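The same chain A turns up in both complexes below, where it pairs with chain B and then with chain C.
Coming up: the complex of A and B.
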């Protein structure tokens, strides 16, 4: 028997990314605690949604079924009913409370600053590409690890690459590390969104929006610009590649060497 | 290849919200105030320089540097 890694490496070549399927209905797999929280909240709310849906459908079908001159010729003429009115006010409020509790828990936990971030990455939206700046390693105002990230046009795609999603330079980040993303724009409104990381943050010119990410596993995560920004709004995707700490260190060193040459 | 140290500007409780524009500006102003007061850039001050470089986009820093040179920088230096 070969080690498990061998099978993974072989399967990797012809399996689709395990995050997505054709005609997918639900969320992509979560790669951050926030996204997992969003999915859990969605499940909580969906439960009540189904209850309400079944109840309302039952009322509707029942009303339609019994509205028949032959079987029910005499209509009811009810105009008041204090007890039932109280019930159908209190009951929905209780349901809303059950929905609000996990919702606020998630909302406030997203804002909590528990650990200082270890890496700050700036994403600057342009028409129609992203620029990424990793300035933690600067020793002066000039040098910086900066690069542009353009979509790979369909004609230049290689076999197995994803149409409208691949980019020439990915955002390489360390996994299992607290990241601070600073999002802004150099021209019009854009939005930096990566669904599997549970992140969507508007890029506003003249404003720095901060969002925190903790990617729990290595992998490649895709997203698309999420604020209409002109003719190529659909063609400025985002690709985040989470790697282990050592690989990240090597990548940063390489980039700094290259940019200084 | 030297090991890259993972350190960045810490979370500042003066700026707890999503909008960090003022945070970046304040760090920039703080550094240059120190430099103006102390007269030259010491190692102590460099820590503050790293903070604003981490937070502020390069274009903003360039623009502000130009404004300082021209004497038109709008901040309290």
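Coming up: the complex of A and C.
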């Protein structure tokens, strides 16, 4: 067993309250295997980026350093070099291959469709709010659980809430459960995006786009509409709240009761 | 800087000039500079990889502890079950 402070340190490593911090440079913490894969791919590519950047900077600086009449009065005159030209063609190709392998592996794994998701949720984009439908559960009059999700205006925010990100009705989903999101739009193009879940799916009128999500931990995840859709495009955020299965069941029951009343 | 034709020479001629007359420094070796550059690049890349492996280790630790119930992402609100 570790001291209590150790657990606090590990938990705190992962969760500043909202997965974000001021002046943040990198990605938000991943909450799905797909987002973790995206972050890992980025790290793989960044290794080659750093290698090439340092190498090129070194050659540039050394060329400037040596170009000095006092220390090197007789400059070289290199016209061509077949060997080096072959090397600097093959070497980048090998680097590209090392980048392509994990990239295609992630791409094809993202395309795999979950055969039997436990929950299916429809997200319908409007100007300028989202509507969510949980058609798996029907109330007594066969109407599915449906609600709108509007941004909370700045004047109505409570202390601690996030400006331009909070909504009145969150998308409550069960954690550690395969979800199927079906995204569409009722008017113009929108895009349903939640960075920490690694999800971005265009909402196209007249079309159903599908994406699968598996949220690995309970928490609240924020996103924003990601396709220009008019004057309030920046004011139709998305909030996904992942809860345990029991809390999810209670929430669905409550919602269905409220809707049927 | 003077660039008159008399002073322009190939790598081999520059080295010979150095050996004969002791003029200037030994000219830089392109191959060695490339080796130095690649080594520095690999070292910088290794530092980045260490950061990446550290992140992976911390993530793995986090989820292990979460699965064992040692930590939680849910704040216990007073008055809840």
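Note that in this section the second predicted complex is superposed on the first by the 222 of 261 C-alpha atoms of A that agree within 3 Å, B and C clash if a C-alpha of one lies under 4 Å from a C-alpha of the other, contacts with A are read in each partner's own complex, and residues count from 1 in each chain.
Everything below uses one rule, namely that contacts are C-beta pairs under 8 Å (C-beta built on N, C-alpha and C of every residue); 3 or more make two chains touch, one makes a residue touch a chain.
Quick caveat, the model's predicted, so the values are computed rather than measured.
Trainee: With the two structures laid over each other on chain A, which partner does A:50 touch: chain B (first), chain C (second), both, or neither?
Mentor: The answer is second: A:50 touches chain C but not chain B.
Trainee: For A:252, select first, second, both or neither according to whether it touches chain B, chain C, the two together, or no partner.
Mentor: In the superposition, A:252 contacts chain B only.
Trainee: What is the contact status of A:82 with respect to chain B (first) and chain C (second): first, second, both, or neither?
Mentor: A:82: touches no partner chain.
Trainee: Should A:120 be classified as contacting the first partner (chain B), the second (chain C), both, or neither?
Mentor: It touches chain B, and chain C stays clear.
Trainee: Who does A:58 touch here: chain B (first), chain C (second), both, or neither?
Mentor: second
Trainee: First (chain B), second (chain C), both or neither: which does A:177 touch?
Mentor: A:177: touches chain B, not chain C.
Trainee: Could you say whether A:93 touches chain B, chain C, both of them, or neither, answering first, second, both or neither?
Mentor: It touches nothing on chain B or chain C.
Trainee: Going by the contact rule at the top, pick out the chain C residues touching chain A in the complex.
Mentor: 1-3, 7-11, 13-14, 17, 23-25, 27-28, 30, 33-34, 36-38, 40-42, 44-45, 48-49, 52, 55-56, 58-59, 61-63, 65-66, 70-74
Trainee: Spell out the part of chain A that touches chain B in their complex, as residue ranges.
Mentor: Within the complex, chain A touches chain B at residues 111, 113, 116-120, 122, 124, 133, 135-138, 141, 144, 146, 174, 177, 180, 182, 184, 186, 201, 206-211, 245, 248-250, 252-254.
Trainee: Contact residues on chain A for chain C in the complex?
Mentor: Its residues touching chain C are 7, 10-11, 13-15, 30, 36, 40, 43, 46-48, 50-56, 58-59, 62, 66, 69-78, 216-219.
Trainee: Going by the contact rule at the top, pick out the chain B residues touching chain A in the complex.
Mentor: Of all residues in chain B, those touching chain A are 1-4, 6-11, 16, 18-21, 23-24, 50, 53-59, 61-62, 65.
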